[in-house]
């Protein structure tokens, strides 16, 4: 089942004293197929992060529909929306704030497992599984996020959202704050995971080379509108 | 914690012990009457007051009221402030506008005159002081909590928690609130300090709780019953010093936890 | 300017809240409302009570009473003190001049002293003198201001006899006046300086963590120039807001210092009113102090707008 | 071309508590007039520390050893007053995060002018003309408007160009740019690169460019130094190194670029507080031998460049 947005518009009121409406997205339509990686490019201010947040259900569009399994997610029943939430996951840019700094890694993973309904006896197994997906040493478990590297954090963030077995994954500049050698590790990990799970991905980046490497299709966003949508080879 | 903070902690612990078990420290029951106006000597290290009460014992027994007012009022104000700040910062929109408008309005109400007038009408009592102080002191905490929440709510771990499907309550209580401790704790300590000074001030003008002994009440009697005019320094200096030292201990702990503004030599 | 336009409803609501509270307190509190309105220890005749009931509309519903109350406030009528036998407004004005002068001078000295010491303490944190200012400020701000006054009084007036015991001369020229006021002003100024020193110090340290001081150094400015031309201005922004919010606190401190020095200002007025439960006076004082705090906040907003282009030019 | 800068055995370390962080170890290089040297490396490799050490902007707790000779003067031993005056005048410095490098409370014009007024006797009007001229050369058609702007009114890319203008307004002999493109959008990065290219073309200036962005390095550098764990591991002509890297780390770094297939280097960079014995790269090197684990390799000349690797030398 594809994930699609139809004619999405989003405007904010800007300014503290005189509120001026500001259009971030001006009618964007996009469809992501299962198993497909769509690269989304654009400068800051082009609306790419806003689009990602709308897809993840974090923001509501001013108008337009988000369709998943044929129904509009903002017209869903609470329980349906909750299951949508789990099917579409998101990974964020800044590794420094990707995990709660007040929790140990083990605690962060445990909370997700519990949320997914894993009982106390299954927790350890669940955490081991998540570590295996991220290719991480169990030694990181007792650390706090500021005691491990940015690359390790992004692996944990990735492994954690995969625990919900989402059908779609949105990645908002997941490697922009990382060094190239670490970026290569994460991109390779993402490729492997995607091959195994057949997820659809929306990969946001401002780096042409990265997007070309990872995507099946490249969509460019400029001033809140899609300016091109083509295979990465060109 | 730095050295100053540790010293503060040690001093505060002693005061707490005095508050919990004053009989360990005090030489007499503070209500026994000896010869009034006795000068400091071997029997009464700090002399006696106009009622003949041993001043040192009174001083030690007074720790309880002062600390109780300080910390209970601070806890009340902090809880209120943190809850309002988190809700305003997390939900944003009209809830934020409303709550922050209320905060701004409360911020401008002069606290001590307010407490004076309410205590004058309602009669003096420790709970009047605590409730009124709490009701008018949460504003600063609400402001800093909200501005911190505004930052945190956009950070990856909170957005991820929303995507992962955690409830808003879980996110506010378990993801956001713990991250506020290091900015709220110093303010909490300073609030406790400020509540203790307020108690001492209010008691000084005769609006203290007559059923409890406190340093402010002691000072008030020393001032009105001629302690100052007769040069009986042992009557009015010790309670004042006790307030200052205790408040300073609390403040030192607070400042030592304030990020960036830490006192003392580092790096 | 935008900030003020944006915030003026808050000032108004704040004032309105105080007025409403003033109106409600005597009428809601336990006890006889008449006693609450005229003060517990005031003795008045039956006829006067009738008159008060009439003029305040106490026999009418609350909202009509409130309208009457607002009308009298609008004509600057704060009520009548049956204990002092005078209009509350005229009593307060007479006393306020003292307090305003006292607070004004002390605030000026205290703020300048505190900001300078705080800036110095923030710039060189490891210096001995910086630590002295810092710990000294913590000690002073940990002390109730009136206790500071008591100590000053007992040392300088009792032991050394340098200053008079009472803070207000009945007659005499400016020198007598200064002689009487020097000690209370010094105590309040010290108290204000201590608070501002800590605020400024924290503010400077925070600015030092910013990147622009480093870039200013990269232009060839010395540390002293960076402090004077860059950090001082930026760091004083939060201090302005803080002073405005502190005005209520400074006033309260001043009231207690006045009591200790028996100065004929609002502090003594409140003290006497508390002892004799002269409620009209207490209510009038609360309103006046609240108005001053609001005015201070408006002034701070204007000043902030002048200094900070981000506010001046809007978003 | 004569030598402008000569750095010998520069080491910088920080002591915090029990730990010693050796941020830079034994770095030597020289720089000719009119030459662009780029130091490339990943987070924490010490490249920015070198920039700050040359500029004299390291925090006081940094322990610096070695020699930094600028125009035959040892910058470490000249008096601080002399060194301060070099900054902004002879040595221009551009820092990362331009929007934070500028003071939010002053206009762009004021902040660029500050450099001129600090180092020359020029009047305010003359300085303003100079600033306007510089901005016009950068392609701002109406410099008057730009000069009246505040930093919060311009984008990050624009602010970075203002910072560059300010740092180069007195035509320094040496320009040190620390991550000037970090945090900017691709197209803004392009603007900044264009700006550097213009400076290289129009002005006689030696440039040290610190960056982690290989694309930027490739565009601008004459010579390039690759850093790993506080050391230079390979240094030489930029084109030659990009064509054919020798050191295993350089090879790994280029291989992890997406355009080269994203082949990652196994493992992670070591923490600078616990440095491994032998070659610092050996735990991650696929070709390591017993020598690599035991002996620390020296930076030696191979063909046209310097390389720090046992294997390259034994081939």
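By letter and in written order, the chains are A, B, C and D; residue numbering begins at 1 in each of them.
Please note the rule applied: contacts are C-beta pairs under 8 Å (C-beta built on N, C-alpha and C of every residue); 3 or more make two chains touch, one makes a residue touch a chain.
Just so we're on the same page, UniProt names per chain: B, C = Peptide ABC transporter permease; D = Nickel import system ATP-binding protein NikD.
Predicted model, so just to flag it, every value in this text is computed and none were measured.
Chemist: Tally the contacting C-beta pairs at the A-D interface and at the B-C interface, and name the larger one.
Modeler: Most contacts of the two pairs: B-C.
Chemist: Farthest chain from chain A, going by the mean of C-alpha atoms per chain?
Modeler: C
Chemist: Hey, which chain is the most central one here, using CA centres?
Modeler: B
Chemist: Return the distance between the CA-based centres of chain A and chain D, expressed in whole Å.
Modeler: Roughly 34 Å, centre to centre.
Chemist: Hey, how far is the Cα centre of chain B from the one of chain C, in Å?
Modeler: Computed from C-alpha means, the inter-chain centre distance equals 21 Å.
Chemist: Any idea how many Å lie between the Cα centroids of chain B and chain D?
Modeler: Their C-alpha centroids are separated by 51 Å.
Chemist: Any chance you could list the residues of chain D touching two or more other chains?
Modeler: none
Chemist: Which chain B residues sit where two or more other chains touch them?
Modeler: Answer for chain B, listing residues that touch two or more other chains: there are none.
Chemist: Chain C: which residues touch two or more other chains?
Modeler: Residue numbers touching two or more other chains: none in chain C.
Chemist: What does chain C use to touch chain D in their complex?
Modeler: It is residues 210-212, 214-222, 225, 229-230, 233-234, 307-310, 313 of chain C that touch chain D.
Chemist: Which positions of chain D touch chain C when the two form their complex?
Modeler: Contact set of chain D toward chain C: 55, 57, 81, 84-89, 93, 95, 97, 100-105, 107, 114-115, 118-119, 150, 152-153, 163, 166-167.
Chemist: Which residues of chain A touch chain D once you look at their complex with the stated criterion?
Modeler: 43-44, 149-152, 179-185, 187-188, 206-210, 212-214
Chemist: Over in the complex, which chain D residues touch chain A? Could you list them?
Modeler: So the residues of chain D in touch with chain A come to 42-43, 185-188, 212, 214, 252-253, 255-259, 261-265, 268-269.
Chemist: Report the residues of chain C in contact with chain B in the complex, numbered from low to high.
Modeler: Those residues of chain C that touch chain B are 7, 9-11, 13-14, 17-18, 25-26, 29-30, 36, 125-126, 131, 134-135, 138-139, 141-144, 146-147, 150-151, 153-154, 158, 198, 201-202, 205-206, 209, 245, 248-249, 251-252, 255-256, 259-260, 270-271, 273-275, 277, 279, 282-283, 285-286, 289-290, 293-294, 297.
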